[in-house]
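Paired with chain B in one complex and with chain C in the other, chain A is shared by the two complexes that follow.
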Partner chain A sequence: MRYDVIVIGAGLAGLVAGLRVLEGGRSCALVNAGQSALHFSSGAFDFLGHLPDGTPVSRAPDALEALADQAPDHPYALLGRQRTLELGQRAEAFLRDRGLALDGSLAAGNRLRITPLGTTVPTWLGASEALGLDPATGALPWKRLLVATVEGFLDLGADVLSSHLAATGATTEAAIRSASLRLPVLDRLRTNPSEFRSVNIARVLDHPEALATLAAELAPLARDVDAVVLPACLGFRSNEPVATLSRQIGVPVRVVPTLPPSLIGARFSRILLNRFLADGGVCMNGDRVTGHDWNGPSLARIYTASHEDIPLEADDFVLATGSFFSGGLTSGPHAVRETLFDLDLREAPQDRAAWTSASVFDPQPYMHYGVRTDATLRGQLNGNPVPNLHVAGLVLGGFDPVHLGCGGGVALVTALAVADRILGTKG
Partner chain B sequence: MSVLDDTGFEACTKCTICTEYCPVSEANPDFPGPKHAGPDGERLRLKDPAFYDSALRHCTNCKRCEVACPSGVKIGDIIQLARNTCDTSRRPVRDFILSHTDLVGGLSANRLAPVTNALAALPPVKKILESTLGIASKRRFPSYARQTFRAWYGKEAAAAQALFKDQVALFHGCYVNYNNPALGQDILTVLNALGVGVQLLEDEQCCGAPLIAARFLDKARANARINAASLHEAVAEKGLSVVVPASTCTLTLRNEYPDILDMDISRWRPRVELLTRHLHRLRTAGRTATLHPLNMKVVYHTACHMERLGWAGYSIDLIRQIPGLEVVVLPQQCCGIAGTYGFRKENYDTSQTIGASLFELIEASGADLVVCDCETCKWQIEMSTSKKCEHPATLFARSIRGG
Partner chain C sequence: MQASPSSGDADVIIIGGGITGAGIARDCARRGLRALLVERRDYSTGATGRNHGLLHSGARYAVTDPESARECIEENRILRTIARHCVEDTGGLFISLPEDDLAFQKTFLDACSKADIPARALDPAEARRLEPSVNPELTGAVHVPDGAVDPFRLTLANILDATAHGARCLTYHEVTGLLKEGPAVTGVRVRNTLTGETREFRAPLTINAAGIWGQAIARMADVEVRMFPTRGALLILGHRLNTVVINRCRKPADADILVPGDTVSLIGTTSTPVPFEQVDDLRVTTEEVDLLVREGRLLAPALADTRMLRAYAGARPLIADEDDATGRSISRRIVLLDHESRDGCPGFITISGGKLITYRLMAEMTTDLVCTKLGVSARCDTATVPLPGSRETTAETLKKLAALPVTQRRSVVGRYGDEAQDLADGGPGSRSLVCECESVSVGEVVRAIETLGVHSLTDLRRRTRLGMGTCQGELCACRAAGLLVQEGVTPPAGMPDTLARLLEERWKGIRPVAWADALRESEFTLWLYQGVCGLGRPSGPNPGPGPGPGPITAGSPPDASGAMPLAPAPNGVTSHATPGTSAHAPNGASAPSPDGASAPTPDGGTTHARTPNPEPSPDGKAGGHAL
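Up next is the complex of A and B:
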């Protein structure tokens, strides 16, 4: 089968690259080996939280020059400050136009989002119903808070959340009350304690009748507070149930993401994938690339498990297969490889002992490993760029997305950059 | 090697993404979801089959869990094998009737079909079928043809088809044979327009999908042996490709025979494929037909087993060739019927709950027609929405004929 563009990988980078080339009038197919890392994410996208030397970043635009000095191989450094910021700003509008309800912007600077443990993490864009600190004051936007969890739900503890929140200085323990909701409407689910998870709960609570019982139980508890915080167990298909609940109980409701699976991340994935189909894209879900042919220096076609002998051909290919967990990178006893095409990697020494730091909490060298490119973001074989193989997202090398807090930004910026290049609007 | 003999389930990381995409666990909280029913339960069942949980009967075998799994675990296969090997409960007469499609189709698709169809549509008859057998009375039953496709083919088509230099064999499936011979005729129209004649297999039985779902594994094996012999003869002895219009038959022949029935089908598997995939091959080889415009809007629904095959692109690309036709692809979700599942009284409500949001999308789409490669999705969509639903080959044949 032949398309103008084939995108390999349907995580954040792959979906955005695919959506953008469709917008530019190209035909596009997406090869998707099982659902993506968006399902494990918090539903927030970071841009740059720290510099490599550990300095916290409050406004990314002001830190990109220092980043380029300290990490010259970082994709932001390859693209340059101005281009990176331009693409980042476009990504904000791009995602909102495609139906993601997100707060935040590069112009406003990093916000602090609240993790399931009650700690704070700098972030760029976050689900609008998620609990965050006021970017201006660094405090919670409300004085008195009710943290309500669901009885039997193990993926978020109200007490841990409250005490850690107080420890950040954003509020005090006295200002937070916690409660455990009985919610008999969930009793059928409770018969399987191991499956009493955010997604299963949301699929019940999103029904108007169930939501009304939640409101009825919550309303008396919420009488003397300024806002209610719930685990993200509401809003499977849209965030509408959160807004409805807020109206019903008369105070703002915010959610805190729980342990994976991520309700919000999965919703974002579904919205973008459905939009990709609606815009005319073809999805090959649950498929994986098994082989390929070169045509001189270019990639001619790929073969997949589902399509067997029928190749998938395209003028341009986007590699957005993610890092180790997603299978874009593979490690063996003595080598790290790019899984599909064995593209040149940045760093990745053969000495296995050098891959890791002794303490798991230290930045890990292997997080930097990934595909080597120049500013055109094309993959390379033995130092020669493959003219039509464009690389986006965490399969790229030269940065530690966990230590720097930049994975979401790199995915979005590089996805739009490669799509622009394919569409001929830049480079 | 069957799934039970290996430890593929160990690749499960407990991420629970499969449960998120399980249409049944969303509609019916009594089903614990694919992770729990599949890899989690398998550990226990391997120690002692008595750990089998009867809630596994709620699984529709849609395989959306397998498509969603980032770790390549064959969750649906694990559950189907467990149902067929660990569940020793009695199989109701109703399940025998629903799953033995050749028997029921053979008795119904004849000159008396109009009478049978009219009787089966009468509310009192449906009530009796529900109270005595447990067949959902709210379900609209598929109607039977006055003459089977095979009978029509033998009388009206065989001689003319043999005149084509190039030939393929058609695995028509029960639906074309007993319910909708017109689709079989459309398939002949399309292939003939591309210069290809159509033969039938020496003998063809139901592929076995409903038998596996109803735990009649021995009967499924017996059917599979007959089909495998016919397919082997067509592919290895006659050198023919075999085309299959229905996505579920295709999945069953190619994937369930080796994975559930433990058969070695490597000699014919590569040459047996979905009809629209074969049409893609013909087009790539330069065979084209003159197409007339169809000025209408259609929405394409990806059946669950089509999603598992990964081949929806062939059907979508096929109808996108038709001039004047606007094609919109619906979001990937189950319609709820799952073959014979939605015909069981106890599943009717779950079935309609699963499909509800799809029906709303179809109604709101402004489409003139729904297109889908699965006949049971067609029954569900036509019963639950105001739209007709047709196979891509029917639409393509219409464009060839000019309206």
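Up next is the complex of A and C:
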């Protein structure tokens, strides 16, 4: 089987790279091993929350030069400030054009997303139905809030959320009321010990009759508040049920992400994948790469578990397999390697004690490990770039996406960069 | 039962909430004495919770220490009856490998026979049928009645019986000094480590059952008890690799016991002398982990490819008779010191040495001495009366819990024995799983909070196994922390710190084994808590410089020693996070507040109090926990 481009990995970076090369008129196959990190995410995309020295970033465009000084191996630094910003701004439009309802922009500066613990984290693009603080004032857009959770739902607690919302200074404790919704329509889920999670709840509540019972239970509680906050347990396919509920009870409804599974992240993933298929892409679901052949310095073909001895050939390949968590990087007791091609890594010493820090709250060196590239974002073998193997997303090395709060931005920017390169529009 | 033989706050004060102290509290209470137990952290936080959880048959000591071997087999038989819900009858193999001298097997069998330990030689094929994971290269094997014992469960069962018979047990009460009248010890001065409150308790007898920390307690009485701390490191494997305990048939050495326990297996141990300054902060090194894996795979080759969950270490409370380079040739025997006759210090007794499974005998010996001194004639009945949880058979209890889903039914009966009946009548919500790895339900968590004296997530873990499974508390910690808030143990504002302390504590155990899946899981944890949830380091006594909450590293500069500012401040006041008001509070809730304000905490700390408390950090410096 032959395609113009084969993308390995169907997380945020892989999906966006695939969508972009389809847009450029190339044929594309996506090898999708399973649920990506998006399914475990906050459902928001961070561009740059902090510099390596810990300085908080309010406007990423203003911080990229300092970032390049402090972290010269960061993909943003490799691409350069101007190119990074250009790609970031394109990503905003690109995602919205493909159906993601997102608020925020690089131009407007970082927003603050509310976490499942009620704390705030700087972010770039957030689901439009997610609760956030006004970036200008650091306050909630409403005074009187009802924080309602679902009785028996363990992945987001109303008391904790209310307490921390009050403590952010965004509003006063007195203005926040908590409620626990009984919702008998969920009883069948409740009795199953391990089914009472956000995605399963949404599958029930999205039905119009169930949504009506939710509205009926909420309406009397929401009479004297300015907005209602719910856990993100509503809107499996789109955020339409949230809007419907808001119309029904007559006040704005916002959601707060829960512990995984991430309803919003999973929805984003599904929307992008469906669009990829609608645009003519081929997705090999539940498949994984098992082998490959080189053709001189280039990658000739890959083999996968499902297709056994039928190779998949392409002019260009995109490696978007993610970090350790997603399986793009693998470690043994004394070595770290790139899983599929054993590409050159940045850092990654053999001494295991050097991979980690003593405190879990200190930056962990292993988070920097990943594939070494130059500004062209091509993988390298023994220092030589592989001309047609392009690397995007968190399998790249040289940065700590958690510490810096830049995982979503790196995935999007590098995905568009490698797609551009394949399409010959840049570099 | 007879009238109390003394005035004062108690007849006997027991220092230490490990298995020995718990056993003494039970024995004393059952003999009608007013017992008061004080423990500086939670139950089972010292050596009790940091060992193999091996129900020794005694075979390991048959050749080198016949007296210990006889004690072991006798107590082994007793525990199978009185603590059957804490014990798993796995059986054990002592295998000989090609590099071992098969002639030793004969010596070993003879010694077992002399010590009255039923031992039977198996040919290699039989041994492999019995335990398929065993090294197929084995040249011979001996089957003995080894088993597995859950030290947390066993300690708690003793505490429950002690309190049912009138004992008072205070966790998070640290002894800061002994009260003396002339040469005699007349009581203790304690500090509630949750509230900082200090108190004095008086009793005619004080028992030092503080394990390796007993040397320091003895010094408070101006008595010298020289202990020899040796560190034993162990690894927890991600699943049950073996169903039968596997030992090497040779003289005891490093990493030669593989014990199945609950859902996991444990390999250990090492024996490294450590200075006293380190016993509160035992960390397992990369080298120790590599040694445990190297030796462990000789017992069961699949161990090399099995996921590691965490590493931990305990300090054996051995009394040093002589300077010995390894600590292994020092007897593991029970040492009962009557300081009145030994040192002219009336009112003070030290009990140490011994083993997890000889705790009951140690308690009996100690309580006999206590009774002699107090002129009490009551006899010990702990060898025959079952502990709470072991009063009826598993089958009987299972019948009463027929309404619970089958996996939960097995889990709770396994964990609590007949005490699990309390869990029969919760509503549907109570069956919802908090910890999916270990099948711990909401009902179980709530019951533990209500009846088992839980002050923190780590306490909860020791009561329920919550967070002890594959994901090491990744998802359930947050859910359980929410329940601690709901039940009033933690104030809502304290939840991020509660979680942060747990993560920090877990990381100490995971870090030495952080490769392959353990590293993957660690990365996920990092994403989840620091990324998705925006959790920062716990607030401590060293808040960062103002103005505004610091970024991840700036709040508390990394300490070169790796020590974290976890412990409550010296005045016993734990500071609460005040989430940042800056528009860019990076870790919001748990960054130190601009003024570093510390809030005094409400009273609490007694065993079964449900007063809201900040998360204590008893294990902030501990390496991990067994099982």
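Keep in mind that, in the parts below, the second predicted complex is superposed on the first by the 426 of 427 C-alpha atoms of A that agree within 3 Å, B and C clash if a C-alpha of one lies under 4 Å from a C-alpha of the other, contacts with A are read in each partner's own complex, and residues count from 1 in each chain.
Convention: a contact is a pair of C-beta atoms (placed from the backbone, for glycine too) under 8 Å apart; a residue touches a chain by one contact, two chains touch by 3 or more.
In this text the structure is predicted, and so the values were computed from the model without any measurement.
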Clash-or-fit label for the pair chain B, chain C on chain A: fit
Touched partner set for A:Val7, first chain B, second chain C, both or neither: neither
Inter-centroid angle chain B-chain A-chain C after superposition on A [Cα, multiple of 10°]: 90
Chain B versus chain C as contact partner of A:Pro260, first or second or both or neither: both
First (chain B), second (chain C), both or neither touched by A:Ser194: both
First, second, both or neither for A:His39, with chain B first and chain C second: first
Chain B versus chain C as contact partner of A:Ala127, first or second or both or neither: neither
Partner chain(s) touched by A:Ala419 [first = chain B, second = chain C, both, neither]: neither
First (chain B), second (chain C), both or neither touched by A:Glu308: first
Broader residue contact with chain A after superposition on the shared chain, chain B or chain C: C
After superposition on chain A, the shortest CA separation from chain B to chain C (Å): 5
Where chain A meets both chain C and chain B, residue numbers: 40, 194, 260, 327
Residues of chain C touching chain A in the complex: 285-286, 289-290, 293, 405, 408, 428-429, 431-434, 436, 439, 441-442, 475, 478-479, 482-483, 485-486, 491-493, 495-496, 499-500, 503-504, 506-507, 511, 514-516, 519-520, 522-528, 530-537, 550-554, 558, 562, 564, 578-590
Parts of chain A lying in touch with chain C, wherever the complex brings them together: 37, 40-42, 49-50, 53-58, 110, 112, 115-122, 133, 135, 138, 151-152, 154-155, 157, 159-160, 162-164, 167-169, 187, 190-191, 193-194, 196, 257, 259-260, 262, 323-325, 327, 330-334, 351-353, 355-364, 366-367, 401-403, 405, 407
Residues of chain A touching chain B in the complex: 1, 29, 33-36, 39-40, 188-189, 192, 194-195, 197, 199-200, 203-204, 260-261, 266, 270, 273-274, 277-278, 280, 282-288, 304-310, 326-327
Touching residues on chain B, where the partner in the complex is chain A: 15-17, 19-21, 25-26, 29-30, 32-33, 35-36, 40, 66-72, 270, 277, 280-281, 307-314, 316-317, 328-332
